[in-house]
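Mind looking over this structure? Questions follow.
Order of writing sets the labels: A, B, C, D and E. Residues in every chain begin at 1.
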C-alpha cells in the first residue's frame, strides 16, 4: 500500500486537493491519501516534509495558487525552492501543482484551470509511482497540464531530426 | 505546554509582536511565548533558529516590514530563503508575517495592516499547533491575512468543477 | 563499464534523449545508458538524484525545454539550482541540456536546435567521463552547443594578450 | 572574553572596519576583535566561516560596498545568501553592513554613510552579544543605520492599533 | 607545497587559465597548479569540488565568461551560487574570475580585460594563500580587477570620517 501526500493552502481560491483526490480515486488503487493544509504556499515545504517523514508518504502533490503581484511571484519562487530542497533531502518526488492567478482571464477559467491541472498532475503522480513506462513513452511529446497539449515539433521522426 | 516563538525587528515601524501576543492571549491557552528582537529582517532566520534550538519553540512567527526600495525587496527574498532553510532543517513551521511598506497607501493604513496581519497569522500559528482541522476545512477558500478575504472562485461545488 | 544517466521530460517538444543516445552510440563504447522520464524540468533534479543513487550513474544528462513565459524562466532557474545541488551532494557532473523555446525562431529551427545541442552535449558528457584532455585542449576556444561556435577573441597568442 | 569578527574587502571605497572597531572600542569592553580582509563581497562568506571556526568568533560583522551595476546587485545577492548559509550552519549572527555605492549622491555622502552605518551596526552587534534587552525595547521603532531613523507609524499605542 | 586549482571552460573566448598560470609563475613559488576544464560555467562548481576533494587544492580559481543574453545572466547567477556552496562546504576560498561578455565594447577590449582580470585575481589568490597582510593593508582602498582601481573616497583619514 503506497501513500500519496497532498499539501494545500487556505489562500488558494479553489479546492485543488479534492480534484486530485477525485481523479486518483478513478485512476487506480493500491494507495491511500494523507492531506495537510497550511495557510500559504511558503508553508507548503514543511508540510511536505512532514508528509514524508511523519506520514511516510511515497510521493507528495503540493497544490497552490500564487497571486498576481510581484511579491506573490517571489513567494512562489521561494516556495518552489523549498519544495526542491525537500525533494532532494528525501530523494522523493513532489509534484508541484501551482496555478498562477493571472494565468486565467476570469474567475470561471481560473476554476476550470485549477481543476484540470490538479487532475492531470494527479495522473503524473500516479504514473511516477506505479507506471513510469507511461511517462517514458511520452518523452518529448509536448504534454501540458491544464491547457491543451502543444505536441512535438513537426518533422520529428523516430530517429530524430538529422542534420 | 507548547512554546510559540516570536522574532521581530527594530527596523519595522510597528510593534507587530505585541499584536500577535495580544491575539494569541485572547485565542487560547496551553502555550507560552518566547521573543527575540533583531535589527533587520535578514537577522530573523538565526533568531528563529535559536528560538527553536535554544528555547525549544514548537512554532515561530517571524515578523518584519521590508522597505519599498529594490534593495529592500532583495533583502526580503534572502530573509525568506533563510526562514525556509530554518524550517526545513528543524522540520517545524515558521509563519512569516511580512508587511511590505508599499502595500499600504499611507502611514495609518500601514499600522492597521501590520496589526491585522499579525493577528490573523497568530491564529494560523495557533491552528497549526492546536487545531489543524480548522485549516483543512478552509482549504481553497481564498483566505487572506490583513486585507479582506477574496473567497473561492464562483461556481465551485463540493465535488469540484467538472469539465 | 560506466553508466550514463539521461533524464528528460514529457513537457519538451522534442525527444532530446534519443538524439543524445544516438550520438553516444556512434561516439564510443564502454558505457551503458539509464533513462528516467518525468513530467517537467522541476522534476529533473530528483530524477538525476535517483539515477546517481539507485542506478549508480557516473554522469547524468538532464534534458529540458523551458517555455517562453516569465513563469517558465523562473522554473528553469529553480530546476538548474536543483541540478546544482544534486551535483554538489554527489560530487558528479550533470550536463544540463536546456533549450529555451524562444531561442528558436520557428518550430523547425527549434527541432534542429534541440537535436544539435543534445548531440554536442552528449560529446561533452562522453569527454568528461573518458577524455578530459579533449576539453582542456579547447579551453577558452569559444565553443557552443547547438548554434555555431563563436571562437576565441582575435589577437590571442599561445602566451596570452600581453598588456 | 567574547570575540567579534570583522570581515571586509579591498573593493570597498572606505575602511568600514576601522569605523566599526573605533565605535566598539568606545562602547564597551569584554571582547576582542579578529579581522579578515578579502578582495570582494563574494569572498566574505568563507572569511566569516573561518572567523567562526578558526578564530572562535561569537558574532561577525561583514562589511562591503556593492557597486551600482546590475552585475554588482547580483553579486550582493549571492554574497548575502552565502552569509545567510554561514549563519545558519553556525547558529550565530553575522551583521551584514552593506552600503550600495548608489545609495549616496556623491563621494562625500558615500564616505559619511559608510562610516555611520558601520558605527550604528557595531552597536547592534554589541547589543546582540551583551545587551539584547536594548533591542527588544526598540522593537517596531523604525530604526535605521546610516540615514535618519524613520520612527514608528503615528497613532500606535502601547497596546497596538485596535481595529 | 600548496596546490592552487584552476577550473575553466571551453565556452569562454579567451584562455584565462593560461594568463593566471603565467602570472602566478612570476609572482612566487611554493605551490603547484591543478587544472580542470569543463564545457560551461554551470559545470565549474563540481570541477572546483573535485579540485578540492580529489586533488587536495588549498584554493581554487574559477574562470568563466558569461554571455550577454538574459539566460546567460541567470546561468552566471546559478554558477556563482554553486561556487558559494562549494566554498562553504569545504571552508576554502574560490576566487571567481568572471568576465561578462558585455563588459567590453569590442573583441579586443574583451581579450585585454579577460587577461588583466585573470592576472590580478591570480595575485588575490596568491595573497589569500601566502600573504593575507597585503590584503588587510588594502582594505577599503577601492581596488578593482581588470579596469582601473577607483580608489578610496576623498576626505578619508586614518581615523575615519567623523560625523
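Methods note: a residue touches a chain if its C-beta (ideal position, glycine included) is under 8 Å from a C-beta of that chain, and two chains touch if they have at least 3 such contacts.
Computed from a prediction, not measured in an experiment: that's the story for all the values here.
A.B. asks: Out of curiosity, which chains are bumping into both chain B and chain C?
C.D. replies: Touching chain B and chain C alike, sorted by label: A.
A.B. asks: Determine the centre-to-centre distance between chain C and chain D, using the mean Cα coordinates as centres, and give it in whole Å.
C.D. replies: 41
A.B. asks: Nearest whole angstrom, what separates the Cα centre of chain A from the Cα centre of chain B?
C.D. replies: Between these chains, centre-to-centre, one finds 25 Å.
A.B. asks: Could you pull out the residues of chain B that touch at least 2 other chains?
C.D. replies: 77, 81, 85 - these are the residues of chain B that touch more than one other chain.
A.B. asks: In graph terms, nodes being chains and edges touches, is this line, ring, star, complete or other?
C.D. replies: Topology of touching chains reads as a ring, each chain with two neighbours.
A.B. asks: How would you write out the ring, from chain B onward through chain D?
C.D. replies: Starting from chain B with chain D next, the chains run B, D, E, C, A.
A.B. asks: Taking the complex as given, what residues does chain D use to touch chain B?
C.D. replies: Interface residues on chain D, with respect to chain B: 73, 76-77, 80-81, 84-85, 87-88, 91-93, 95-96, 100, 103, 121, 124, 128, 132, 135-136, 138-145, 150-156, 158-163.
A.B. asks: Which chain B residues qualify as touching chain D in the complex?
C.D. replies: Counting only chain B, the residues touching chain D are 8-19, 22, 35-39, 42-43, 45-46, 49-50, 53, 70-71, 74-75, 77-78, 81-82, 85-86, 89, 107-108, 110-112, 114-116, 119.
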